[in-house]
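All remarks here apply to the structure that follows.
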Amino acid sequence: MSERPVYETALGASSRETITLLGHDLARDVMGTVGFGELAYWLATQRRPTPGQTRLFEAVLAALADHGFTPTAIVTRLTYLSAPDSVQGALAAGLLGGGSRFLGVTEDCGRFLHAALVRAAADGPLPAGDDDAGWDALARAAVTAEHDARRRIPGLGHHVHKDGDPRTPRLQHIAAEEDLVGPHLALFTAIGRVAPEVLGKTLPLNGAGTCGAVLADLGLPLELLRGFALLARTAGLIGQLAEELRHPVANDVFLAVDLNNRSVAPDPLPEQQL
Amino acid sequence: MSERPVYETALGASSRETITLLGHDLARDVMGTVGFGELAYWLATQRRPTPGQTRLFEAVLAALADHGFTPTAIVTRLTYLSAPDSVQGALAAGLLGGGSRFLGVTEDCGRFLHAALVRAAADGPLPAGDDDAGWDALARAAVTAEHDARRRIPGLGHHVHKDGDPRTPRLQHIAAEEDLVGPHLALFTAIGRVAPEVLGKTLPLNGAGTCGAVLADLGLPLELLRGFALLARTAGLIGQLAEELRHPVANDVFLAVDLNNRSVAPDPLPEQQL
Amino acid sequence: MSERPVYETALGASSRETITLLGHDLARDVMGTVGFGELAYWLATQRRPTPGQTRLFEAVLAALADHGFTPTAIVTRLTYLSAPDSVQGALAAGLLGGGSRFLGVTEDCGRFLHAALVRAAADGPLPAGDDDAGWDALARAAVTAEHDARRRIPGLGHHVHKDGDPRTPRLQHIAAEEDLVGPHLALFTAIGRVAPEVLGKTLPLNGAGTCGAVLADLGLPLELLRGFALLARTAGLIGQLAEELRHPVANDVFLAVDLNNRSVAPDPLPEQQL
Amino acid sequence: MSERPVYETALGASSRETITLLGHDLARDVMGTVGFGELAYWLATQRRPTPGQTRLFEAVLAALADHGFTPTAIVTRLTYLSAPDSVQGALAAGLLGGGSRFLGVTEDCGRFLHAALVRAAADGPLPAGDDDAGWDALARAAVTAEHDARRRIPGLGHHVHKDGDPRTPRLQHIAAEEDLVGPHLALFTAIGRVAPEVLGKTLPLNGAGTCGAVLADLGLPLELLRGFALLARTAGLIGQLAEELRHPVANDVFLAVDLNNRSVAPDPLPEQQL
C-alpha cells in the first residue's frame, strides 16, 4: 500500500487550543493588529509588508474597487434579483466577469512589463531608478516591438479619461512618497513619455495598467495580479448589493431589455464551416 | 414611448476628468488615505467608519480569512488545477462554498441575535450595556425558545475548539477597547453564560458566530453578513492559490480520491417515491 | 495509522482498456444508443427510463430551456462580453441566477406537492388516478392551508400568460399519452380546478410548476429538481452565447445602463439598526 | 435623446397566449417532439439537425458526461457539502473546472484541426473523403509543424488508455454509419496514422479530442466547443450530486485532506522578483 499523502500549508492551522495563520497566533498577534489590506498582501506573499507597501497596495485596491455600473456590477445585481437566497452566487457571478477584457488589464500590463524587464535584464543591468534616459530607451524598444507586431500595449489608453486617468499620477506619487518606485512602474512611466513619438498619438497611461505595474513592483505573484483586482472588486460588489437592497435597479435593467426585445427569424449556421 | 429608465448610484462614477467614489474624489481623497477594510465598510454602509469601527471590522475579517484546508480552499485549488487559465473561476468556485454550512454561521448568528433583540425591544427597552442580569434574562429566554423548538443556536459549539474558540475573547476584548460592544454582542456573550444551565452542557461561543454579532453591532446590513465572510475568504483563497503555485497539493488531492475509488453497482431510485 | 478511505461510485469508471458508465460499457452500449435526455435521467436516478419517461422528461427540458432575455441570459451575455476567454465562466454565471425566484418555481412546486401528498398518504390511501373528486378534496385542503397561512402556492399564476400557460396543457397531454400521470400532477391539476373558489380569483397553473409536478412523478430526486431546470437552461445559455457571437447585444445592454446612470449622494445606513 | 435600443433574438419569445422558440410554437411543435440533444444542437446553430446529426451529437455528449471522480466532480460534491442550500452553486463550481486542462481538449482539438484545414484550403481543394493518402499528407504537415515548434498536438495521448481510447473508434464508426465523416475527423484520423512516424512513438487519439473533431464537423460554433463538453458535464454533475445525496463521500474527501495537513513555516516571496 502506498504512502498516505500529507498536505503541507503555511496558512491557517488550528489545534484544540490555538489557531495560527502564517505561523502567528491568529487571535493574539493578527486580530486587532493587522489591517485587512496588510493581511491580504501577507497571505499572498507569505511576507509581511511594510507600512509603505501596505499603503501603496491599499491605494491600488481602492483604485479598482468599484467603477459604477460595469458589467460585473450589473451581473451581480441581476443574479441577486434572480436568486436572492444566495449572496455567494451573486458575488461569484460578478467576479466571473473579471477576465481578459474588463479586469484583465491590470494583470496583462504587469506581465507585459515584467517580460520586457526580464528580456532587458538578460542583456545587462537595468537602469538606475532616476535614469530617465535609460528607462526611455527600454520603453522605446518595448513600445516599438509591440507596435511593429500590431499588438496593443496593455495599460495604454482609456475610453473615458482620454486626457489622463487621475489614478495614474496619484499612484506614481504615492509610490514615490513611499520610496517604492520599482522597475515595473519606472518602465511604465517611461512608456507614457515615449509612446506618443512611436505611435504618433498620445494615449494616457490608464489606472488599471498602473495598478499592474505597482503590484508587480510590490513583489506580488504575477500569475495572480488579476486576483487582486478581484479582491478589490469583491468589496465593490458587496457595496453594489447593499445599494441594490435599498435602492434597487436590477429589475428595471431586466425590464428595459425584456420589454425592448424583438423576435427575429433564426439565422442558421451553415452545415460546413470551411 | 415610455420614459427611458435612469439608474441611480452613490458608488463609483466618472467623467472625462474625474472619478468619484461615494461622493469623494477617488484619486485625491480615497487612494493613499483610506485603508481597504475601511473602504469595504464604507462601500457597504455608505457611511465612513471611525478608526475604532475599522479596527474591529478588520479583526473580524482576519478571523474569517483562512482556516486551512476547508472545502472552499480545496475547491479553489482543484479548480485552478483543472482550469489554470481562469483565476476568476477558481476564486468564484471557492466562494460558492460560502453557504449555509461552512461560512453561514456568521450570518445565521447575526440574524438570530437581531431577531431576538427586535422581539425584546417590542416589549420594552433593552438592558443597559453593563446590565449583565438583564442580558442574561434575554439570553435565557432566547436559548430556551430554541431549545424547546429543538433548534440549534447559531454560533454555539465548535468541533475542534471544544474548550473555547480563541477568537471569541479576542473580539470581545477589541470591541470593549473600542467602546463598541452593542446589543448583539452583549446578548451573544450572555448566551455563552446561560446556555450551560438551559442546555445541560457547556458549548463554547464560536468565533464565526461572534463575528456575526460584531458585524451586526457595527451596523452592517444583515442580509449581507455572509458577504463579509466571503470578502475575508477572497483574501484567503488568493493566499491558497499563491501557495498552490509554489507548493502544489491539488493534484495529490485529486489522485488520492481518483486512485481510491471503487466502482459499485448502480442503486436505482424507485419509480414512485411516495 | 488509520484506514485509507475508499470512495465508491456507480457512475463513470475506467481501466486501461474500458470505460464504464452506470455499469455499462460506455463506448459499446451507451454511445450511439442512449439519447442525451435519457442519459441525464439515468445518471440522476441510476435507473434507465422507459421511452415514455424519456419523452416526458425531454418535454420538460424543452419547456425550460430558454425564455429569451431573462436575467440568466443577460448575465451570461454580459459575462462573456467582459471575459470572453472563459466560456465556462459565462455559463456558470448564468446558472447562478437559477435560484429561488426565476428557476426555483419548478423545485418549489415539486416539493410543495410532495409534502402535501406525504401528509395525505399518512391519513390513508391516495385517490385513484381518475378520482377527480378525491384529488379535488386534497387540493382544496392544500390550497386552503396555504391561503390561511398567507403563503403563495408555488406554480400558480404567471405574469405574462394570465389566461393560461400553453406549456401546462401540453405537459398534461403528453403525460396522459405516456400513461405517466402520477399523484403530483394529479394534485397539481386539481389545484388548478379548485383554486378559484378558494382564492376568489382565477390564476393559471404555470409551466414551470407543471414541470416540477411532472419531474416529481418521474421519480427524480426532489432535492435536485432545480438541477434539471439548470440542465435545460445550460442548453439555452449556449444558444444565447452562440447568438451573441453573431448578433451581439451585450455591449448595448451595458451601455444602456452605463450611459443612463446618475450619480446621487450617499445614503448612510444608521450606526444602530435596532 | 438618443434612440432606445432594441434587442433582437431568434430564441425564446412569448406573448400572452403563445411561447415560441426558434420561430416554432414551443408547446405544440417542440415539446414532446424534439429530444433534448436535438434541441441543444438547434439552439446552438439555429438549424435543426437531421436524425443522424442528432445521434452523432448525442454520442459525443455521452462520451463527455461523466468520468468519475474528476476535479469537477469532487468540486461539485465539496461545494454541495459546504453550501447545500444552493444546487446552482454546486453545479456552477463544478463547471468552472471546465477550462484548459480537463475539459478543454475537445475545444483545443477542434480549433487546431480547423486552423490546419483553413491553411490547407487556402492552398487548394481539400482531399476527397476517402483519399487517405491526401489526408495523411495534410496530417504529416500538421504534426510536423507542431513537433518542430515543440507544441503538443491536442487530442493525442491519454494517461490511462495508453493502448487506445475506446470512445475514439466508436465515434469514428457512428460518424461513418451516419455518413457524417467530415474534414476535421478525416484529418484527426489521419493524424493517428502518421503521428508515430513523425513523433517516434505511438500515442492514441483520445476520446475528448475525437469529440472536438466530430463537433467541428457537425458545424457547431468553434468558439463554443468547450460549451458542449460543459453541457454534457452538467448532466454528469447532477448525477454526482444525486449519488452524493444517497451515498456521500464529500465529507470523507474533506477529512482526508484536513486530517493529513501539516503546518509548515511560511516561505516568503522575495521583495523583488527580477
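The chains carry the letters A, B, C and D, assigned in the order they are written, with residues numbered from 1 in each.
As a working rule, a contact is a pair of C-beta atoms (placed from the backbone, for glycine too) under 8 Å apart; a residue touches a chain by one contact, two chains touch by 3 or more.
Keep in mind that this is a model prediction, so the values were computed, not measured.
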item: Of all other chains, the one whose Cα centre sits farthest from chain A; value: C
item: Chain pair with the higher count of C-beta pairs in contact (A-B, B-D); value: A-B
item: Chain centre separation in whole Å, for chain D relative to chain A (CA means); value: 30
item: Separation of chain A from chain B, taking each centre as the mean of its C-alpha atoms, in whole Å; value: 24
item: Chain B and chain D, separation of their C-alpha mean positions in angstrom; value: 37
item: Residue list for chain A, restricted to those that touch at least two other chains; value: 4-5, 7-10, 13, 45-46, 68-69, 83, 85-86, 88-89, 92-93, 96-99, 103, 221, 242, 247, 253, 256-257, 261, 267, 269
item: In the complex with chain D, residue positions of chain A that touch it; value: 4-10, 13, 20, 22-23, 45-47, 83, 85-86, 88-89, 92, 96, 114, 117-118, 121, 126, 182-183, 216, 219-222, 257, 260-274
item: Chain C - residues contacting chain A, complex; value: 1, 4, 68-72, 74-75, 78-79, 81-86, 89-90, 92-93, 96-104, 242, 246-247, 250, 253-254, 256-258, 261, 267, 269
item: Touch list for chain C against partner chain D, complex; value: 5, 7-19, 21, 25-28, 30-32, 34-37, 39-40, 43-46, 55, 57-59, 61-63, 65-69, 86-89, 91-93, 95-99, 103, 160-163, 166-167, 169-171, 173-174, 177, 207, 221, 223-224, 226-228, 230-232, 234-236, 238-243, 245, 247, 249, 252-253, 255-256
